[in-house]
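Please go over the structures that come below.
Same chain, two partners: subunit A is paired with subunit B first, then with subunit C.
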Partner chain A sequence: MLFLLNYSDFLINGFITTVQVTLIGVGLGMILGILAALGDIYGGKIIKIIVNIYVEFFRGSPLIAQLFLIYFTLPALTGIRLDVITAGYLTLALNSGAYQKGYLKGAMEAVFKDQFLAALSLGLPLRKILMYVVVPQALRIVIPAWSNELASMAKSTTALIVIGVREFLNTGVSIVAQTFKPLETYLFITIVYFIWIYSMLKILDIVYDRVKIPGLEPVI
Partner chain B sequence: MTPIEQLIFLLKAVPVTLSISLLSFLLGLGLGIIFSFIRIYGTVFLKYIADGYEKVFRSVPVLAVMFLLYFGLGGYLPIFKDPYFTSVISLGLVSGANQSQIFRSAIGSVGRSQMLAATSLGLTQFKSLRYVILPQALILAVPGLGSEIALLIKDSSYSFIIGVIELMKHTDILRAATRSLVFPYIASALIYVALTFPLATYLDKWGSMKKRELGL
Partner chain C sequence: MNVLECRDLTKIYGKVVAVKNVSLGIGKGQTKVIFGPSGSGKSTLLRCLGLLEKPTSGTIYFNGIDVYTTKQDLNKLRAKIGFVFQEPSLFRHLTALGNVVLGLKHVLGYSEDEARRKAMEALKLVKMEDWANYYPAQLSGGQQQRVGIARAIAMDPEIILFDEPTAALDVELKWEVISVMKDLADRGTTMLVATHELRFAKEVADEMIFMDQGEIIEIGTPEQFFRSPMTERARKFMAKLLG
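Our next item is the complex of A and B:
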């Protein structure tokens, strides 16, 4: 595997892209997920229907199909052209938001019905209830589900290969094209993915142990 | 091509997508049951192996596994030169790790006390597993397995990258043939939704109904 040292810059760049896409995808997805969950719980009928169509579509179709839709179909319909990496961010965010809505809604709904009523009876306005009572606790409860989401998003970034993003696996493809050593290259790449994702899961486990709310273990 | 003809062309690829998903699901089911039993009832050494398998295959992307097997091992073992076979094996290995976890939590909710009760009635350990633990655990596992099949139907689209002629590939062919970037992609995404949506929702409902019936 020593020949891979010649390509270390290339590999590091690819790995950084993968990490970046994962974190931005999950981060933007969290904002979308929170908005969608709030819309589904407290919103009107039309908002609920829109949220549910969005969630079912993005949970029900493969990421590759969604990437094609955002990268090819969206510009064909609206004329907005996105470059590959932006299309990647946007697709992963939309995809992740649909999944995170489910976790967040579960956490917000099941656990906070009483607290919501209590806060309401104390005279807090809705915005403040959400900001100071519901969301901060929901975020802490949802960490285990959320770490699964982070891991699955990290694995899903490999799909970006279909629109040509230079992420980690794609750098492997280029290296194989030059060196004709697929076994070593892909073995190395798979091992790096394993170390990265596994350690991410472990770290979030430790974080969860620190910040978990006693008596409110996850419902998921 | 009229839209109907285009749709029929896409639907022709659905059996391939479904067969990849189903075969890899069955492979994962076998692996999942075996490894979850090992992790609960096995010896220390076997537990170590099962634990390692679960950790590794839950933390690697399925596409990387496909590339490793198809391009990497394909040169040494001709059997991995077949993209269909390789997709099924890769998806199955990854799914096995997920299903092992699903079964472990299902067996865990049936409870150790039932195992003790069964052995105290004179059933052997194998028989208590076969007649007492497994029938209940399978029911508890149904919602999880339902979303696992849905996941496999979606992930089977990765096999298009190593050259399996399935739904995503037919979409690509249709795009090239009709020079349209709109209809093929929207239609195939909706076909995927139609395939996965009933699975996840229906099995989830069935699972919670059965669970209530059994009083678990």
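Our next item is the complex of A and C:
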């Protein structure tokens, strides 16, 4: 496996790209997910319909098809041309947001109505009720579901290979093309993925334990 | 002038008339008790008076000002009307202290230090200062209710509405909550209390209001109700409560 050392810069760059798209995808997805969940719970009819069309569409179609759609079809329709990495961020964020909306909505609804009324009775405006009462509880409840999303998103980034993003798996493919050593290369790549994802999940477990509050265990 | 008053208040959910043409007022320093069978509209009435639900028709006055037609800032008024719920409804992610601090800081604009000091005072009043750093799930139902009361009184409201605060508690825990409420009444707090605790009503109520099926059936002093209610329905219900 030592021949891989010759490609260390190449591999490191690929790995960094993978980490970046994962974190940005999940991070933006979380913002989208929170907004979509709030829209679905507190929004009017039209907002609810828009949210549900978005969620069903991105949950109900393949990620690779979504990538093609945003990278090839969107520019053809709108004239806006995205570079591969931006198209990658955008697709992963939209995809992840659709899933996270489901987890977050469940968690927000688990923050019972009595909490909302109690906050209202103190005179807190809606924005502050969400900020100080609903969201902090919902985020704690959602962490376990969110770990799954992070792991799944980390793996989904490999799909970016189809539009030519130089992510970690793609660097492996290039190395194999040059060295004809698929066995060692892919073994190495897979092990790195595993160690990385496994440690992220462990870290989230620790975070979950840290912020855990008696009486606020996950209900989903 | 009454602190809080409603005139011809009606609340309809779909086809159910929960409260029907209710008029009542609570003057400064008064304690009034509402009682009546479950489903008689007490909770709905209190929620309307607490500005947590909008009445279908009728008028609510806060210090003589018509709340809805003059388009008052509801959040400002809600801050002046304390509310204690039937189910202990503490914020589960905050400690007892954090629960009391939240409104002081984010509604009344106290600094963190001031809010904490004021919150500790309120917790002392309900004898919960030793539990300040415990989370709701670590407290008994009675303790949670006392923190709920502290959360309401810390805001220095002009009136506190209690929606059967002891109904969800075991007998042993009821009294610790009731004694806190009695203290408040003795200190001249303006209170409207929905409760079936007749001993509490007898000792502190200026007036008792009997409701059934969304309507006020009878209003009178505790003596009147304990001696001989005027209406048949009130008489039957009193007999049931007194066993």
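Operating definition for what follows: the second predicted complex is superposed on the first by the 219 of 220 C-alpha atoms of A that agree within 3 Å, B and C clash if a C-alpha of one lies under 4 Å from a C-alpha of the other, contacts with A are read in each partner's own complex, and residues count from 1 in each chain.
FYI, a contact is a pair of C-beta atoms (placed from the backbone, for glycine too) under 8 Å apart; a residue touches a chain by one contact, two chains touch by 3 or more.
The shown structure was predicted, so the numbers you read here are calculated from the model rather than taken from an experiment.
Applying the stated clash criterion after superposition on subunit A shows that subunit B and subunit C can sit side by side. Looking at the shared chain after the overlay, A:L35 reaches neither subunit B nor subunit C. Once the two complexes are overlaid on the shared chain, A:A151 sits against subunit B while remaining clear of subunit C.
Once the two complexes are laid over each other on the shared chain, residue contacts for A:I213 go to subunit C alone; subunit B is not touched. Looking at the shared chain after the overlay, A:T190 reaches subunit B, while subunit C stays out of its contact range.
After overlaying the two complexes on the shared chain, residue contacts for A:I24 are found with neither subunit B nor subunit C. Shared-chain residue A:L120: touches subunit C; no touch with subunit B.
When both complexes are overlaid on chain A, the residue A:L201 reaches subunit B alone and has no touch with subunit C. Looking at the superposed arrangement, the partner reaching more residues of subunit A, out of subunit B and subunit C, is B.
Contact with neither subunit B nor subunit C is seen for A:V84 once the two complexes are overlaid on the shared chain.
The superposed three-chain arrangement places the nearest Cα atoms of subunit B and subunit C 24 Å from each other. The intersection of subunit A residues touching subunit B with those touching subunit C, taken from the two complexes, is empty. Partner subunit A is touched in their complex by these residues of subunit B: 55-56, 58-65, 67-68, 71-76, 150, 154-158, 160-161, 168, 171, 175, 180-182, 185-186, 188-190, 192-193, 196-197, 200. The touching residues of subunit A, when paired with subunit B in their complex, are 56-57, 59-66, 68-69, 72-73, 75-77, 151, 154-159, 161-162, 169, 172-173, 176, 182-187, 189-190, 193-194, 197-198, 201.
Those residues of subunit A that touch subunit C in the complex are listed here as 114-115, 117-125, 128, 132-133, 136-137, 140, 213-216. By the touch rule above, subunit C contacts subunit A in their complex via residues 50, 52, 75-83, 85, 87, 89-93, 102-103, 106-107, 135-138, 148, 151-152, 155.
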